[in-house]
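After this come two complexes, each holding chain A, first together with chain B and then together with chain C.
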Partner chain A sequence: MPATLRIVKSVVVANPPMGLHLRPATAFAKLVRGLKCNVTLSHGEKRADGRSAFDLLGLLAPPGTELLLEIEGEDAERAVEPLCEILTGEGELSDTPGPLS
Partner chain B sequence: MEIRRGIAVSPGVAIGPALVLDTEGILIPIRSVSTQEVDGEVRRLRAALAEASHLAQEKQRTLSAKLGKEIADIFAAHAGLYEDPILVRDAEALIRANNYSAEYAVSRAVRAIMKRLDAAGSSPLATRLQADFVDLEKQLLILLQGASGQPLSAITEPIIVLAHDLTPSETAILDPKTVHALATESGGATSHTAIMAGALEIPAVVGVGRFLSDISGGDTVIVDGYQGLLILDPDAETLQRYMELRFRDQTTSGLHQVFQKNIPAETKDGVRLHLFGNIEFPGEARHCLDRGADGVGLYRTEFLYVNKSVDPTEEEHFQAYQTVLKELGPDRPVVIRTLDLGGDKFVGMTGLTHHEKNPFLGLRSVRLCLKNQPMFKTQLRAILRASVYGDLRIMFPMVSTAMELRQCKSILREVQEDLEEARIPFKSDIPIGTMIEVPSAAIMADVLARQVDFFSIGTNDLVQYTLAADRNNETVADLYNAADPSILRLLQTVIRAANTAEIDVTICGEMSGEPMYMQLLLGLGVRQFSATPRKIPELKRIVRQLCLADAERVAHEALQLETAREVTSYLREQLRRILPDAPD
Partner chain C sequence: MRLSSFIVREAILPALVATTRDAAITEIIQSLKNAGQFSDADVSDITAAVLRREQLGSTGIGHGVAIPHSRHRDVPNLVGTIAISQQGLAFDSIDGEPVHVLFLLISPDQQPGPHLRALDAVVQKTKDEQLVSKLKASRSVEEIWTLLS
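Then we have the complex of A and B:
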């Protein structure tokens, strides 16, 4: 039985200009729901369950916000990179205001 | 008659009966169910969530064909939210613990999440999310109530939709065939409503402030999406004026567009003119191309500042500019106008918080940029960085003296040096231009011409400043007239100065979208016009009927006239000679 893995990592949100908004949050939650691990994101005292986009959105993290990512469980190791990638995305044109979206 | 001012977010004019949407949205009575019904409510809840998710995915599919994948993806994200474990858990818990109905539980659960956003204070992100959550709640309630469909999808008669605010879903199902315009009390130029209205090309004005209590459904209203006006109970004269405007709009679209797109804007005697589009949002670049524009003659960059509590970042500027340049490609120029904030534009923004007694004669536009150099430099850096993606040109607005122009250029040089030092690529030979829209600049045009590569004449401000008349002030609005002989003389001075110095001169104010002025301007020596993209096909049609020699005669004659009224009637007569079906 492999020891349960626990990874704690600090991540700075990108996804300009809105940060952790609707699309990255739903993508993040969807990914977590398909993994065998518990994921928590926290911003100061606010903690969000990684499986819930609602919870994640409640963190209100614009670009530049430093979040603490905690992953615990079987899939922890392979989860880190894709999860961080979502948070530090370059943002899409579609995330900027204006008919870019 | 009552004229209300808002933010013009989608151009066009519409006249019609008002459809007033409930200010409160859908009201949910507090309702509890008996203990035996609880399981049934939970089932209803789950079914509604599944259905909502399914509908959102469907909407995503249909909208991606209609509006492109990026807008449609908003609904893919919505679909994800309906499956959110916390929403499901919380709503179910509310039903089980309190015997709530599914409707009430949904409403409570969503509002609890919104409250958390509220508590964190306002930010662009929070505002955006609030709108999405309101939408989400509404969708679920409609499904749960088995409502007889949304009011907006049941419209069959042409109407103008008036509402406090519209959710993205509501705006997205609007059919331009029946919904001829939108006006909302709240909202800003970057709200989803504004974006969707623009993409659907439905004239729209948002941020009008409270007006719903002053109007009942069925009243005739006018929405002027060019000037951002909502006119309640219009008088006969105003109605007439807007009916003409609307007629002209309609004739410009449709047939002409298809027919004119791929032929050059050339006069009968072979003079090639350039017709550019004025844009505000990057998405409008496509509208320019669709209508066969030769480029973007005026890219207003203020939209980046609307609804923002903090200044946009260099990256936000850059992304927007890069998008437009890539869309236009290497052969079509894109003239980016640096920030023109102040006056009537977004007063109360960063750096504009102090009160001015006379904002139009105050710290606006390039004056504000010169006072707030970090802001100015951020934009210039982004513009320079974007220059490698196409044929970019920089233009400074509201320049009133040669000194200001020198300052702008020296700041631009500083930014160029910074970029060189940081080894960030940019084009070193970007053409630099100035707007001519202050009478002092027009008078000094020969001097200014030596400092720049092109002029762009902004007739709106030039007319207002020359005649000292605010066109939004009804009592003096009749003085505001581009046909005034004083304006013709100033135009002649500026165009001559440009032609003598062999630099380009473009007309980019509303005057250039007016068919009546085409001959005059051509005759005065203008070869480039920049107007709202949707005007381009009609302008091209007119250009192809013009003759340089005739136009020069028309310009010469017009300059002899003494009043705006004489000029107008003369130019109309001349237009009718070449286009017998031209509107009065």
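Then we have the complex of A and C:
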């Protein structure tokens, strides 16, 4: 049986201009639901279950917010990179497609 | 932010006719237009923007709730409304469940603050699964408005 891995990492939210809002939050939760690990994101004293978009949105994390990402479980190692990419997506997963031209 | 500060009561739909995601979004935007929130000219632009946003990633956030939204340059103030689908809509939600409660939000371009506060207000309210069940069971604008107040 594989040893349970625990990874703790500080991540700065990008996703301008909205931060960790609907699109990245739902993408994050969807990804976590497909992994064999528990994921927690913390912003100060607020903690969010990575499986819950409601929890993640409740972190109220605008761009520049430093979050603590904790991943524990069988898939921890392969989860860390895609989860960080969602949080630091530099606009690829920003919340809206931009103003209409 | 209180939901009643941006939800347009006259546009609330207790029983969506639409049976698909895109048709539901179109029906809700038409209801906001009928309530005097958008001009005829803006309806197709706004509808296209919300549908495009939805194609980038589902706004179905789980336990039967979705928050389709977008921004638009000609909308002076944040507006939104709520619609109930009795049969449920396929929405590619994160939990795979059909969506019964839709909050649609349209906000002015270049004003992310009110948009974010409105999203947060909807999320905080709909975290309560019992409330979502009551919304789903509502059959009138009055019932829905009372639950949101």
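Keep in mind that, in the parts below, the second predicted complex is superposed on the first by the 92 of 101 C-alpha atoms of A that agree within 3 Å, B and C clash if a C-alpha of one lies under 4 Å from a C-alpha of the other, contacts with A are read in each partner's own complex, and residues count from 1 in each chain.
The definition used in the following text is that contacts are C-beta pairs under 8 Å (C-beta built on N, C-alpha and C of every residue); 3 or more make two chains touch, one makes a residue touch a chain.
The structure displayed is predicted, hence computed values, not measured ones.
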### Task
Once the structures are superposed on A, label A:M18 by its partner contacts, choosing first (chain B), second (chain C), both or neither.
both
### Task
Would you sort A:V8 into first (chain B), second (chain C), both or neither based on which partner it touches?
neither
### Task
Pick one for A:D49: touches chain B only (first), chain C only (second), both, or neither.
first
### Task
Please determine whether it is chain B or chain C that touches the greater number of chain A residues.
B
### Query
Touching A:T26, do we find chain B (first), chain C (second), both, or neither?
both
## Note on the structure
Dual-contact residues of chain A, meaning touching chain B and chain C, are 17-19, 21-23, 25-27, 29-30, 33, 52-54, 57-58, 60, 62, 93, 96-97, 99-100
#### Entry: Complex interface listing, chain B residues touching chain A
70-71, 73-74, 76-78, 80-81, 84-87, 113, 116-117, 120, 123-126, 128-129, 132, 190, 192, 195, 198-199, 281-284, 303-304, 306-307, 312-313, 315-316, 319-320, 323
### Contacting residues of chain A [partner chain B, same complex]
16-23, 25-27, 29-30, 33, 49, 51-55, 57-58, 60-62, 91-94, 96-101
### Query
For chain C, which residues are in contact with chain A within the complex?
45, 48-49, 52-53, 56-62, 67, 69-73, 94-95, 109-110, 112, 115-116, 119-120, 123-124, 126-127
### Task
Enumerate the contact residues on chain A facing chain C in the complex.
17-19, 21-23, 25-27, 29-30, 33, 52-54, 57-58, 60, 62, 93, 96-97, 99-100
